[in-house]
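Think of it as A, B, C, D and E in the order they're written, each chain with its own count starting at 1.
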Amino acid sequence: MAGKEPVLEIRDFSVDYGLGDQAVRAVRDVTLTLHRGEVLGLAGESGSGKSTLAYGVTRLLPPPGVISGGSVTYHPPGDQPYDVMALSNAELRAFRWAETSIVFQGAMNSLNPVHKISTQLLDVIKAHEPRLSPQARLARAKDMLKLVGISADRMDAYPHQLSGGMRQRVMIGMALVLEPQIVIMDEPTTALDVVMQRQILAQLVELRERLGFSVLFITHDLSLLVEFSDRIAIMYGGRIVEEAKSADLYKDSLHPYSERLLQSFPALRGPRRELSGIPGSPPDLRGMPSGCAFHPRCPHAFDRCSTDVPVLGVPAARNDPSRSVACWLPGRIPVG
Amino acid sequence: MSAPASTITAVTPDGPEVEAAPAKRRRLRFVANPKAATGLVVLAFFCLIAIIGPWIAPYDPSARSSDLIQPPSAQHWFGTTHLGQDIFSQVVVGTRGVMFVGLLAGIVATVLSVLIGVSSGFLGGAADEGLSALANVFLVIPALPLIIIVASTIPGAGDLMVALVIGFTSWAWGARVLRAQTLSLRRRDYVEAARATGESTWRIITVEILPNLTAIIASGFIGTVIFAVMSEITLAFIGISTISEWNWGTILFWAQSQQALAQGAWWWFVPAGLAIAVLGTALSLVNFGIDEFVSPRLRSSGHTRVRTKDGRTVRMRVGFTPVLTTSGKDAPVTPVIRTDEAKGTL
Amino acid sequence: MTATQTEPTTGDVVLEAENLTKHFPVRRGLRTLFTRDRPTVHAVDDIQLTLRRGQVTALVGESGSGKSTVARLLAQLYSRTSGDIRLHGESVTVHGGRKFRAYCRQVQMIFQDPFASLNPVHTVRYHLTRSLRIHGRAGNSAAELERNLRDLLGRVQLTPPERYLDKFPHELSGGQRQRVSIARALGADPQALLADEPVSMLDVSIRLGVLNLLRDLKERLDLAILYITHDIASARYFADETLVMYAGRMVEGGDSESVTQRPAHPYTRLLIESAPDPDRLDRVGDARPAPDDAGGGEPPSLIAPPAGCRFNPRCPSALPKCSTDLPPRFELPVVDGSKGHWAACWLYEEGAAR
Amino acid sequence: ACSNGDTNNSTANTGGTSTVLNVGMPNGPQTENHNPFLGSSSGASLGYRWMIYEPLVMLNGIKPKEPGKPWLATEWKWADNFTKLSFTIRDGVKWSDGKPMTAEDVAYSFQLRKDNEGLNQDAIPYGTITQTGDKVDLTFTRSQFVNQAKLLTVFVVPKHQWSTFKDPSQDVVKEPIGTGPYQLKSFTPQTTTLELRDAYWQELPKVKELRYTSYNDNNAQTTALANGAAEWSFVFIPNYKAVYVDKNPDHHKLWFPANLGIHGLWINTTKKPFDNPALRRAMDKVINRDDIFLQGEAGYFYPKVESITGIPTPAGESFIAPEFKDKVHAVDVEGAKAELAAAGFKLEGDTLKDPSGKPVTLTLTNPAGWSDYVTDLEIIKDNLTQIGIKATVDKANQDAWFKAVDEGNFDATMHWTNGGATPYDIYQNIMDGKILKPVGKGGVSGNYGRFDSPEATKALDEYANAKDDAARTTALNTLQKIMVEQMPIIPTSASNVGGMYSTKNWVGWPDEQNQYAPAQPTQQNALQIVLNLKPAGA
Amino acid sequence: MKFLLQRLAFYLFTAWAAITINFFIPRLIPGDPVTSLITKFQGQMSTEAINSLYVLFGLDKDAGVWSQYVDYWGQVFRGDLGLSFTFFPTPVSDILGQSLPWTIALVGITTFASFVIGTGLGVLAGWRRGSWLDGLLPVATFLSSIPYFWLGLIAIALLAGQGSFFPSSGGYEPGLVPAWDGTFIGSAVQHSLLPALTILISSVSGWILSMRNMMVTVASEDYITVAHAKGLTERRVMLGYAARNALLPNVSGFALSLGFIVGGTLLVEIVFSYPGIGYNLFQAVGAKDYPLMQGVFLVITISVLVANLIADIAYLLLDPRTRKEG
């Protein structure tokens, strides 16, 4: 959303798994900006590097993941921006959750099974706001749970005593308890029923209105994203191949991959259209195709696609600063 | 209403060749684990000695000589006993008994644990209840005292008998692990799928389930071998089992009954003990290798330290991903951390 | 062997289920050990189902509604509590042995997770050979077997076959694996395929390929397919007929287009409203009430299911009757050439207030 | 801390001279049981029962021919060819609870044995037991010549205490009352402490306190001896010189005199070709008793049997028949070969063939844990190769071995014989035809080799029931002759009644020069030794 | 609750099985205590004594197996384990009462200490993978492969020489009478140091290794990443999240290992002449002292059962998932 101020600027960001010869680059030179208050959707097929990017940005990648390049600049409201990649461990700890929180895919696995949910909630508050009195902490935790629709008497439950949907709500509540600027959500609802999924997302959107945080929302379900997010970035083979407002992307996608991806979803309403799917299989990180990673599966590929890597930029044909694409097809080559 | 056929052909995957590693290599991959490799080499060495020991031993281990209680020398590498017997020969010849009992007990216990564990896990119901109760009882009843009691009361218990006694009393742990694993395998789709294809129960157990238990069975086998070796040596050492044949426990028994350490004859005592420890270590290493093979998380990767952009060395660890370099384009914004008092100290 | 191109005789009933019921006994605690009644999970109750030659029947419903249980009952992997399963009009109950083999030669099942349904220690060749062998279709010589194997792989478009025959499952992609599973099922040359969520574990971009393949097979081999899914949009795309399950019971059924476009049962409506849909005009973020759901999205307990209509605690338009009496099937009026559309809801009782 | 006896003995040690004697035995933790009748009691196991309960007569086990010392009996007399025995009981002896000891107590002590089979461990055929004044008269149903020693050394228990026991064989006698100079002070599973009584019918000994410590095994006991924590013990120490004596050569002493019991290689005389006495004699000629003594028995434990009659010396010196007086055993390979050749055996290369042409092989069996016997067997096996006998050593489980020996299912084994005051017990145990049972039938109490010699049986019977000494000597000489000619067992070592002791704090121990008692702390004579000890400094 | 009742039923069953095994052991095996006694004395006890010993030990009677079995149960319930032969006529229960405290004190304390120390080191080693603590692992593997008794003997030879602080044998100073006073307890502690150290060294490694592996496994769980993401302190994540969860399987492992530990201590007690129950078993085996053997076995089994029960309860307290409401 042009004009809005950025809250997180990811620049030329690369992530490797392993070191030296065995290194596998799972995220390549990603540049992406999250603006204050928006929901940015990140889509792409399995293995395209969505989670890796999210974990990399918060430096939570498990070994052997290493960040091999780039910067992630965080803009605190009304303060100097700083690079998350340059923080020391202690600084990082203070940064986490207070500024950026994460909701993972499986809530059962994100909650420690042996602690009460109240303990886990209070832990966060205690770690970041040690001055707060225990009563105040408790009150805050209760408020937060109420906000996500969990009654205070479930505070002392253990994770296994809650249903999947409730656990996911607890996680969301926990993510918001410190009122961070950014909430990263990595497929937070894939394990849930569609009914439950819609309920939770509706609640989240409502909370965003109230608290004003930004969301980086990751999923491979494009139809969900189109409906839910302000902007969408499509990843393929570790790179962002297209970025646009969700409505624009849905109506008029520029990258052949996005196009095909959108055609893979059967629609529930409207006329039954023919679906084609995407032939071929996803690229292997160890042996990435040269040039555009999508060219072996692309119906429009031509010579240049297999030699040069397309850069992400505002396509000449559209000249709309709010969208960018990485493709060599005529008219999609960036201006300048 | 139907999709064009062209779509279907287009879908035909001709994706990249996914690492075309031959299957065999995958199964033996755990040998590539340095721990497993070290363990296997040492183990192979002991096995070799067990086989050729009697031929390469420089002396008859029971033969007396006039060199009574001699410290190690060129003639007697590990010195001699109170009867002038060559300890090196005893250790070499004694390897066979140790390996024999260890392996046989391991085999017996493994076969029992597979039979009981897998059938209990697969059959379920009353059979499962009964068999797992049996396993639990054997698990809780202390094995070594039981072995001592049983071994001490069987007349003429030779190596074979000792191996059987150990084998018959130490299958329970493996059975329990296998049962749990079988229970989880039984629920796997591929077992259901095999059933739905029409495979017989017997074939499902032997061909579909058992191969997937290989690592656990192997690990249980190794564990039992360790236990059996220790038990056998213990029995020999406290003079309970028949010690007609030489083994390391017998050597220690003689050393102890002749008060070797009090006499200062450390050489009588140390080699056999070290041999046990080395064999035990080798077996444990193989087991670690298997464990790491099964659960790759346990593998301690070679590179755990990396160099960061400012020249520091940082450990790779959960929760704090190291940052290697910055792209030179934009100089990173100088870190300015809000030292907001309300947010606590940094 | 290529598919015999006989004219699809749509309407031939292959497999039928009537009043199919499955209750799982719950492990008893010590306290309940001595009481008379054993608690049971009412996983499936009173299911009516017909699979016809050359037709795809979709079974949709939320997680835990008993879809897989139905499939397993039909595959005779579970013994049923009551009800009847008829194969070509003949009632069958088999537990194992030769009769079971004879049954599964005609009815084969495909599992949800292609990563779990192939044994990691066996090659593709092994899996397919077994399937052929068991059903006596392996041929008499090695060459014949080889031919049959290639034929099978060809049918699921894994070509060239030699590239896949000696691979282990982990060397294949998800879509390829699912194709191998399908090939294995085809190895028996069945008349009915029970596909239990065959694509839900696959990536979006591959899903469609597998579904298209199944559709192609249906047409070429004249198979009767039961397609189980929780993705109602794919049911619309793929199935001729769609049945909706809720908490172990069928609540609505009819041709796919009618069910998805004109859902009748409140649960079906909730389901369809909740499904993500880019074409929807009002977006999630917009001020629009969440779909009506009085139960907070929680399915009911199946050990003590609600009396009457099982959806009544969550139903926004529940009548007093709903919590006492079990609604029977009510035929719905024909609209736009819809076929056999029905709903088990008191709202459609003759004369009920609409 | 226990390494230096003095530091922790401070409670009892006053000044420079010791008042405590530390006795040790390698018998493991004890339970409180002071019943002198029971071999399983701590009193018996550690030996302190003899410090509390005294015998009627004190006999010296290593000088069987010496008349006994009057102890609680002042006089004793055998009559009617050893079927009658009368004691005169000492006057003025008091029990440790102050009550006087009377002839009634003595009679009661005999009666107790007669009435409880479990307590009559010598299986004495008691007749009548009568007490008149200070006299006690006993009759027996058989001649008790061979049991003389056992009867005279009977210890006496107080009737006033023992008659209150419900079952004397199952009572642990928590508060032992005896006539000995010591009484119980404290008991712990590790250590029993005895203290000196105020009064005693003899001169009070110098040792004020006796501490009996039970170590768990030979190793621990040896260590305790070596570092002085134990001053008196009886234990097998391999390489005793290095491990024990050299730790303090001035004070660490041991003396292991033989008594009349032997150890030897028992041969199954029913098995061919070992039923041939010539073969057994040849085997005897090559077995090196010195090696067995030095290597198997660590050079002291079971003294070597020198005499070819198998009678240990010097204890049995006086019993040896004139014809064998100076015949000592010596290794004689040539002699053995000659003997074999004469009997029709052939030595082909290094294999001996019996007269029927079969090679002679032999399995030597003993329990695995018995390191000295097994060592002996290794030596024997080695020795036998000199005459071409191929022997193998089979180390069996103890029970299996016992059963095999009992039922006669063995080729040859190291085993002991009974012991007693005369060589009769040895010979009876080896050759008595009355206890002979066929191979395969167990429950024998001797003659494991199934040696069937009516001549020997007759001689044994004559010895036990002879009317006079001359007849006895004749019978014993016959037995010796049979032993030498037939060799039913090949004697190697004598039983011992020895001990290790330290002269650091106490002197007056028995030794080669002063053989007043065997040196073993668990023997009855231990009391004599304690009475004889003097502080080293004095 | 239900879980606990189930476990209880299992324990009762195991106890029954153990007692039954116990009952049949002496009936299935040859050899008898009298001959063992005779052989033990190697000639110092006359063969004449055999009959009187049979009478003394009450081995001259015979009864039906079933009635014996019933009698045996009656005895067990009365806590009457019969009379020992080795220490005839001391009741087995007295002997056990005398030695059990020593074993419990030595083994109980050291096992617990070993568990605590090993688990602590394992937590660190697992958490700081790749640090110097990894160097501990091969050493630990080696140490855990050394037989207890061998280590004990070497320790005695090296450390308990003449004039050393470490006594080489016994549970306390020979002259002392057990009492709750400083001298005695000091002496008991001093005598237990070396055996305790031996047990510690050879058993601690097992805990280090298993705890490390559990930590490594747990460290890659999502909730640990979440805990890091929450910005909790290192300590809190390591102890409250990782170690707390990694401990659970180790608790059951702890209970199961008790059986092995009792076996292992038997050797330590033999080697260090420690007056414990393991040594009793050794003696009993040597002397064919069935009542004592049975008694020791029973006590060991029951104590292992009790320890297991305690571990089960601990597990119950530690893992909320096993706690079922209602």
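Here is the rule we go by: contacts are C-beta pairs under 8 Å (C-beta built on N, C-alpha and C of every residue); 3 or more make two chains touch, one makes a residue touch a chain.
Keep in mind it's a predicted model, so treat the numbers as computed, not measured.
Touching chain B and chain D together: E. With every chain reduced to the mean of its CA atoms, the largest distance from chain C is reached by D.
Note on chain placement: the centre of chain A and the centre of chain E lie 54 Å apart, centres being C-alpha means.
Distance from the chain C centre to the chain D centre is 90 Å, each centre being the mean of its Cα atoms. As a whole-number value, the distance joining the C-alpha centres of chain A and chain C reads 33 Å. With touch defined as above, residues shared between interfaces to two or more other chains in chain D number as follows: 223, 226, 399-400, 403. Among the residues of chain C, those touching two or more other chains are numbered 173, 175-176, 208-209, 212. Contact with two or more other chains is made by residues 55, 60, 62, 92, 94-95, 98, 127-128, 272, 275-277, 279, 281-282 of chain A.
Against chain B, in their complex, chain C makes its touches with residues 72, 75, 77, 96, 100-101, 104-105, 108-109, 111-113, 116-123, 130-131, 134-135, 157-159, 167-168, 170-173, 175-176, 181, 184-185, 187-188, 208-209, 212-213, 215-216, 219. Across the complex, chain A meets chain C through its residues 39, 45-46, 149, 163, 165, 193-199, 201-202, 205, 220-224, 226-228, 250, 260-261, 264-270, 272, 275-279, 281-282. Across the complex, chain B is touched by residues 218-219, 222-223, 226, 237-239, 242-243, 295, 368-369, 371, 375, 378-379, 382, 393-397, 399-400, 403 of chain D. The touching residues of chain B, when paired with chain D in their complex, are 62-64, 68-69, 82-83, 152-157, 239-244, 253-254, 256-259, 262-264. Chain B makes touch with chain E in their complex at residues 133, 136-137, 139-146, 148-150, 152-155, 173, 226, 230, 233-234, 237-238, 240, 252, 256, 261-262, 266, 269-270, 273, 276-281, 283-285, 288, 291, 295, 297-298, 300, 304-305, 315-320.
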